[in-house]
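Shown below is the structure under consideration.
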Amino acid sequence: MTSTATPLDIVTIKADFPILARTVRDGKRLVYLDSGATAQRPTQVLDAERAFLETSNAAVHRGAHQLAEEATDAYESARARVARFVGARPEEVVFTKNATEGLNLVAYAMSNAATSGPEAERFRVGPGDEIVVTEMEHHANLVPWQQLCQRTGATLRWFGVTDEGRLDLADLDELVTERTRVVAFTHQSNVLGTVNPVAALVERARQVGALTVVDACQSVPHLPVDLDQLGVDFAVFSGHKMLGPSGVGVLYGRSELLEALPPFVTGGSMIEMVRMESSTFAPPPQRFEAGVPMTSQAVGLGAAVDYLSVVGMERIAAHEHLLTEAALSALSEIPGVTVVGPTTMVDRGGAVSFTVDGVHPHDAGQVLDSVGVAVRVGHHCAWPLHRRMAVPATVRATFYLYNDLDDVTALVEGVREAQRFFGTA
Amino acid sequence: MTSTATPLDIVTIKADFPILARTVRDGKRLVYLDSGATAQRPTQVLDAERAFLETSNAAVHRGAHQLAEEATDAYESARARVARFVGARPEEVVFTKNATEGLNLVAYAMSNAATSGPEAERFRVGPGDEIVVTEMEHHANLVPWQQLCQRTGATLRWFGVTDEGRLDLADLDELVTERTRVVAFTHQSNVLGTVNPVAALVERARQVGALTVVDACQSVPHLPVDLDQLGVDFAVFSGHKMLGPSGVGVLYGRSELLEALPPFVTGGSMIEMVRMESSTFAPPPQRFEAGVPMTSQAVGLGAAVDYLSVVGMERIAAHEHLLTEAALSALSEIPGVTVVGPTTMVDRGGAVSFTVDGVHPHDAGQVLDSVGVAVRVGHHCAWPLHRRMAVPATVRATFYLYNDLDDVTALVEGVREAQRFFGTA
Amino acid sequence: MQLDQMYQEIILDHYKNPHGRGLREPFDAESHQINPVCGDEVSLRVNLDGAHGTDPSATVVDVSYDGQGCSISQAATSVLTDLVIGRTVQEAFDVHAAFVELMQGRGQVEPDEDVLGDGIAFAGVAKYPARVKCALLGWMAFKDAVSRSTGKEETR
Amino acid sequence: MQLDQMYQEIILDHYKNPHGRGLREPFDAESHQINPVCGDEVSLRVNLDGAHGTDPSATVVDVSYDGQGCSISQAATSVLTDLVIGRTVQEAFDVHAAFVELMQGRGQVEPDEDVLGDGIAFAGVAKYPARVKCALLGWMAFKDAVSRSTGKEETR
């Protein structure tokens, strides 16, 4: 993350996002600080999808007519651009409906390995095997592993979290052992903002021959990420969190692994040969894309990574760094406000979660909403983490390239307003 | 299907579909006869999705701010309208990425029943149990059941198909027995056009206590369908085949069944309570919608059913009836052309598949493409059916509300052109 | 300011000085309810006076509760105790039905003070669908606890 | 007319009068390939003359095949037999590489008649990506059959 990058021209960027021009709650300027849940789409993405639908829409990989050709080209070109964006090869990119599906894909394919051929043996898990996750996972990177354990008899173990909101790696070598088959962890916490030490986890996983599965939902949209360089085995992210459409996500898998991985969702377009008695399956990525895919959404995601690339991920990261730092410092000055997560910018991205003494997060969120500031309140699909941090819920502000320091000010003002309203300040 | 319905105003309808105004292959008028693979979108659907994205886009069911409220309302309103469109209640409609996912959802939930609570017992399958499908299924309604059998040790059986392309129900009572747990079949064949006798199959399945799973991909877009009235247990269809976006489909399940069905994809938004050790799950439909959903696509699908309702499904069915009848009669007059499927309009919808003596379907499709006629060639994801009909592949034309008799003429002319080009006529 | 519409004085009063809070003995049944979106929780006990548990003519002798949550869920539960203690189960359910109708009315339902008492203060909350669940959390626990008390003759 | 670009006379000739069609003995290995989209199939046998199977200097003595498919896949396989019979495995693979390059070139690659012979007629097909797989089906079978013949010393 270099702070020497030229600053973003926020006025120009904002103009690309029509929704940011609207007002809420009787004329308040919309201050959108919920991009961690879902980001907004620039006109470029909306236009790309619409142009596709008005000129080339057809079922991909299925027709011999001109529209089908154009649609297939558009879809595969999007795959190639998304792959390049994260340092992967096109055949390592599987389009899913969201990141959640990608994680389930890996977990289900692993239980399907039990009834698949010998090439799938490396993915089999059963009693005595262990899956290691962390206490800071989004439910999407926790529940599928709980379910895999339930289906197969494997055991779930997890890294704890320190009071500061860092992964507690003290017992790395006791947790990740020869029994470990998978180490699944988030690249950047959607609550704490913590950026986890991928290298250390990957190294240990490799030592013991475990697969690494990285939840990159909150990193790929916000930092330059090179999955090949990180050396992870699988990774997932969602289009809607990176200026792209909803309904499309990505599972990245190293070629060699995807080649051997059994299918998950089955049906049309993922087969090699079908007889009533049994079927065989196509090579990746097709093997994992059953049915007519989210075609225009992939095209939209391609336009989103183009947009992000033009702006520059380094610059976006630097910009968010600045906003996060400003928010942390302003919030820490308010008596009664406690930030949940690292309060310094070391290995930290732009999710800022906090509590306000005497004001429940729901109520704080409501006051913020009434002044136009859209934040998220609750446990943000990370309930165990909230339990660990001993808070039932938090208020979370998340930043993106279209936010500016005025938005930070609005947030801070809104928090003070909530304190005034509930008589705690 | 009443032929007394007022005819459609095709000129007005066509004007709603921008892509139909384009030309292909050096200026040829686009004659789109591939709606069975994917239909085109009217401006109304494109506009609805865009308006949502430009004004109300947010993560649904997750935020307390105004955008999140509006987005949730739009999403749930779409669910309610889609439900009404097929005679279902909102809580019986689960949004999936496509129909294929919906079928996999049921098949996987059934194997998950093995490790779920007692309420899921009715869904458990194992050795000795039988799943019955048909030889005319799309791969999407065949391979997931093959895989369920592979995972659980159950046995797959199937109805044959007659030479005319009808389901052979002669051995109904021998095939569907006390051992049968599921009878999965298509409402309307995507190759033959055959409309299957749902009532007879449902009746027999009920007698033996088997679940019925209906692939309604080719019926819901083309006929008035009331799922409640049909009495089926589960049904699926895809948005992209009914003027809606890609990336969204529907699983319908009778409330009582969805209530008891274990989850499939797990993660955020589908939980009731999450601890590191284990989780519990939300009631349907949320239980089956993990992660941030295909929000704008659901909104688009809502607009699509509104559009279809305004035109009227009775009228659409009558219109397609007319075009199909014309195509069947014109094609049957061409020597060397053989229709694969029923040649009368009894219990038959608008998929017309055929072969041309001496001209491979790929080559016929190429000639048609060169004159602007977009059809599909191959086995249309129904390979076993093609084997049964003793043809390696077919040319398939499918009609929709925006096609007219000129399109039928273009098809027939194109087929004659293919014969001339390959010297067989 | 819009906020005042939602956070009526009555609500803030109940929030700051909740009625009947704390879990008490004796009780016939207890229910624990969670809002899965925000993790808010309430544990609520009912003590009924009547031979047959959910006999609609049984009297609600006491309702006691504990929990954590936002002002809306806490205040609504406090109001609940005022509205149901001393009433019959049937009367309590009628109040519940009226309150649900109000909350799901999107601000279009005119509340009846004779039925809902301080509950009418939640009319403004009904305009914020995301908060409706908060207002109903305690009521869900109440309904559930009453229905669980069905078998109290056997379990005592 | 555009169609003539794709369906050059040479292609139609090979389609109507295929060279070397029919499965023959003796052979070292056979490969069966399917196009999953349309169900087109080809079974192809190679007979190599050389001590070590895939030794690049082994000579392709015979290629025989059978199958069903469109004009493009049938004609391409027919042309294949002309191009590889009598050549060394290495030479055959070089032709294969040139043909793949042509087919994946989207019509931008200038074919070399000295290398590709009648294969240059497929330049127009390269503009139709959906048909490229058809043109390559026989070649996939050829490559696969040669690689399967690796162990022929042992299996004979």
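Residue numbering begins at 1 within each chain, and the chains themselves are lettered A, B, C and D in the order written.
Here is the rule we go by: a contact is a pair of C-beta atoms (placed from the backbone, for glycine too) under 8 Å apart; a residue touches a chain by one contact, two chains touch by 3 or more.
If you're wondering where the values come from, they're calculated on a predicted model, not measured in any experiment.
Pick out whichever of the two, B-C or B-D, is joined by more C-beta pairs in contact.
Taking the two pairs in turn, the one with more contacts turns out to be B-D.
Farthest from subunit A in C-alpha centre terms, which chain would that be?
D
Taking each chain's centre as the mean position of its Cα atoms, how many Å separate subunit A from subunit C?
Computed from C-alpha means, the inter-chain centre distance equals 38 Å.
Hey, how far is the Cα centre of subunit B from the one of subunit C, in Å?
45
Need the CA-centroid distance for the pair subunit A / subunit B, whole Å please.
31
What parts of subunit D, by residue number, touch at least two of the other chains?
Subunit D, residues with two or more chain partners: 37, 128, 131.
Find every residue in subunit B that makes contact with two or more other chains and list them.
In subunit B, residues 25, 62-64, 68, 271, 273, 362, 366, 377-378, 383 touch at least two other chains, as defined above.
Can you tell me which positions in subunit B touch subunit D when the two form their complex?
25-26, 360-363, 366-367, 370, 377-379, 383, 386, 392-393, 421-422
Note which residues of subunit A are touching subunit B in the complex, please.
Within the complex, subunit A touches subunit B at residues 18-19, 22, 24-25, 30, 32, 34, 37-38, 40-41, 46, 50, 53-59, 62-68, 97-101, 103-104, 108, 112, 114-115, 135, 138-144, 146-147, 150-151, 156, 158, 238, 240, 245-248, 263-269, 271, 273-279, 290-297, 362, 365-366, 368-369, 373-378, 381, 383-384, 387.
For a test of understanding, state which residues of subunit C touch subunit A in their complex under the given definition.
Touch residues, subunit C against subunit A: 1-3, 6-7, 12, 37-41, 68-72, 128, 131, 134.
Please give the residue numbers of subunit D that touch subunit A in the complex, ascending.
The contact residues of subunit D facing subunit A are 34, 36-37, 128-131.
Contact residues on subunit A for subunit D in the complex?
Listed in rising order, the residues of subunit A that touch subunit D are 61-64, 68-69, 72-73, 271-273, 282.
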